[in-house]
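See below for the structure under consideration.
Chain naming follows the written order as A, B, C and D, and within any one chain the residues start at number 1.
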């Protein structure tokens, strides 16, 4: 095809598609969390963002600390297996930092919000929340009556972000994007959004995509920009490319608990570098520590 | 794992999981339609079945002609690109054969019915049917009011079959099933059903499944029986194994229009053979005509 | 001729929901001429197909091999069509009426049909969700009655509620491409009106094939016949076996 | 000890929704002993994982490599959990109350929390949909108050409506496995009662750690300590680096 390439730099993608006040999603369940995009948003000094994610993870903790967020929409805010997101906790517990507005669901509720958004329905039904206090503190969890059985089912409202940033293993220059390993809600978040930035480990020829079309999770027709950023998910991971940097997650507990240490981290590794390449130059050991071993599957026959 | 194999013959699978009066689904959109199962159901003389499929296709036309069906739930009943399903038409137009009860949706409506069934919700919302006559003739198409916007959305009721029969390229002996090419609603139909029979071109070792887990569409935990039936989808097709037998579809127009010709076909190729192997022996040219060419994709790295 | 007229309606870069037969031919003609970046979506789940042979069904394996994406039908209808990503949908029908309503369900009554047709398939939702719909049908009084026997795919409502009142996202059938002329919907009345005539066809020829008093644009256009490139592509490249082209 | 008690609760062939940490250890112990056909489902989308290393998070890449299926989270929650396919769910919590309600949301008021905890994650829906739930928590008065500050995951309703009245599909928390004893829910009252004591522990030791007058089964059992095989597996094979085992 003779299409114009959508490949741009992270700086240009964020400048163009992430604005003050926007509702922004950087998704990925443990896997494929795009730290590179979060850092660029911090560098460009975005303010008043509504950040949405099932698991805010370290990247939203950093963005909250850097003052990018007005509101957080989420379902589990912790450092998995390690401890707390302390910038988030300070902002919610009212210790010093400006208070962060929160809107809280369970994982299933957040998944359902993205599913509704992706299908462009105003709500999604789910059998959930009876007996819990969540609807008491979140009036957006409501009910609908089944027109067949008469029973009440819980509902959540659609989530339609201004922009979703989706990290993936590979895409072509048009944004046809292939993902394997944990899929999270990357597909639903992308289809729910007004704009989609895809960030990939590897830019591949369209022929690579066409050789295995069942592997494509996000089609070019919903993608606005493609950013090529190897190691762009570190300290999260990319199956087949590099492992999760668990040491970084463990160290975050002390680092984020200490406001000054957190600021120093942002100064050194986020604000103090010009881009992802500079971030990687400061950590020349990553490949030696984390590069994925080879465990390649066989292909399948698409012939007829 | 030390599990007991679920592999059984088609005869045993149908005898055990398909009963008179059951709601039965043999799905597959053009691709992977399990004619072998439909033929065995005819041979075992099942009666009063409620047959559900988006596109009844030739297999349900044969089952209707053979007197297996009491009711048809569907969204498009034709011979694609060729003409009519004449046994279906005779039964609906009241020309001689006992009348067939019908319950009719659009494709989106049938997809939504399977989605609701798979999620074990009693209904599924969709933005559809305004201005059409379908809800007038099908009172099961109803409405629900969105608890956020107040707007009316169409609903369809969940479809939860007694048994779904899913043809696929390959599975292990437990029923972990991998499909590529067109996926139709195979996943939703399987998850919606009380029982699932998987029919495969190839039985593979569990290690083949585990080498590429993102390719698995149906997990063993919902599968009751695995039937190994190479060419079991003919005259439908299996991507990477054999092409669609378009000549058979074209010939069906005249064959199904003529009641006697249709009966002769059933006598020769369905009732007159003991099993699928005998069906294939009568058509020794299939492999030469239809065997798929090689067009294998590369694998991906699952290492970490 | 109908294929080339339909092809010209497609704008480069658009996402098209393709049916088999003439719409498929029109899309491939457009891709080979003025709209190379057209994205074809089939309801079977194939996106961005570039089939190596003329597909004989909407689920042809040739639509999968070498396509950009294959997804399940739940995704096709929810994430692509209902999501509003389809610019153009193609529809055909056994009956098309004054307001662009289309019938592919029954001739006669629903309960005791004279002819049972295949039904909606994806047509109802395409007519509702595609940003615009192109209808392809040959002109005849039987095919163009004043009122269809059954509304499978909604047009412009006529005396009833408008599409906007019914909250239909798409604009519905904007053009009907026939073998003699092109009809367009009149935005004021929701009626199909005569917009352009094929070479050698007069307005009266069209009126004789339509079951209502057909209005006409102030100055109906003339449809240019397929040029040499279009004809060569259709006959030698796209449908050399004449599966869909007749004459 | 808690890991081996939890492992014994699992029946061969069951489908278990696994959390990270102790539940993961318990499942792998059960697979290595009496329940080799246990199917592990992680909320991250990995089904049938046999991780080559002890996963440090529920989204560890080791849960993907060599698993039977990886699916999106919409499928995990809709097609597997809500579909009723999960036999056993594991839950932990900062607070567990008299009726088995669990709090993982806030200590103090929701609007002005003293401690903000992570929130539900998948816990609320696991507590509602899993056919039964096993709760794992260490005994202390702070962890076992009479009433939790916030009900994240519902137990047995207490004075309010029963699980059946609220149409919850699963039986909810049937056992609470602590470091001193096993509590069970009393089907009549919905209260947690003392069911079995660890070696060397008396009922009074347990009562002192619980914020309500704890009832007791007529003849509370004694929990057998881990046998040599269990200990060897836990210490040498399943968690050699003592990531989750302490002491």
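As a working rule, a residue touches a chain if its C-beta (ideal position, glycine included) is under 8 Å from a C-beta of that chain, and two chains touch if they have at least 3 such contacts.
Every value quoted in this text rests on a predicted model; they were computed, and no experiment measured them.
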item: Winner on C-beta contact pairs when A-C is weighed against A-D; value: A-D
item: For chain B paired with chain D, centre-to-centre distance based on mean C-alpha positions, whole Å; value: 40
item: Whole-Å gap between the CA centroids of chain A and chain D; value: 28
item: Approximate Å spacing (C-alpha centroids) for the pair chain A, chain B; value: 37
item: Per-residue multi-chain contacts in chain C, two or more chains; value: 46, 61, 64-65, 70-71, 78, 82
item: Residue list for chain A, restricted to those that touch at least two other chains; value: 120-121, 126-127, 151, 180-181, 183, 187, 211, 214, 237, 239, 243-244, 292, 295, 302-304
item: Chains grouped in pairs wherever the two touch, ordered by label; value: A-B, A-C, A-D, B-C, B-D
item: In the complex, chain D residues that touch chain A; value: 20-21, 43-46, 56-61, 64-65, 70-74, 77-78, 81-82, 101, 105, 110, 112-125, 128-129, 150-155, 157, 160-161, 163, 166-169
item: Touching residues (chain side chain C, partner chain A) in the complex; value: 15, 36-37, 39, 46-48, 61-62, 64-71, 75, 78-79, 82-85
item: Contact set on chain B toward chain A in their complex; value: 120-123, 125-127, 140, 142-149, 151, 153, 155, 157, 169, 178, 180-181, 183, 208, 211-212, 214-215, 237, 239-244, 292-304
item: Footprint of chain C on chain A - complex, ascending; value: 1-3, 118-121, 176, 187, 191, 206, 209-211, 213-214, 216, 219-222, 302-304
item: Of chain A, residues touching chain D in the complex; value: 29-31, 54-55, 74-78, 80-81, 84, 88-89, 92-94, 104-108, 111-112, 114-115, 126-134, 137, 151, 180-188, 237, 239, 243-244, 246, 249, 292, 295
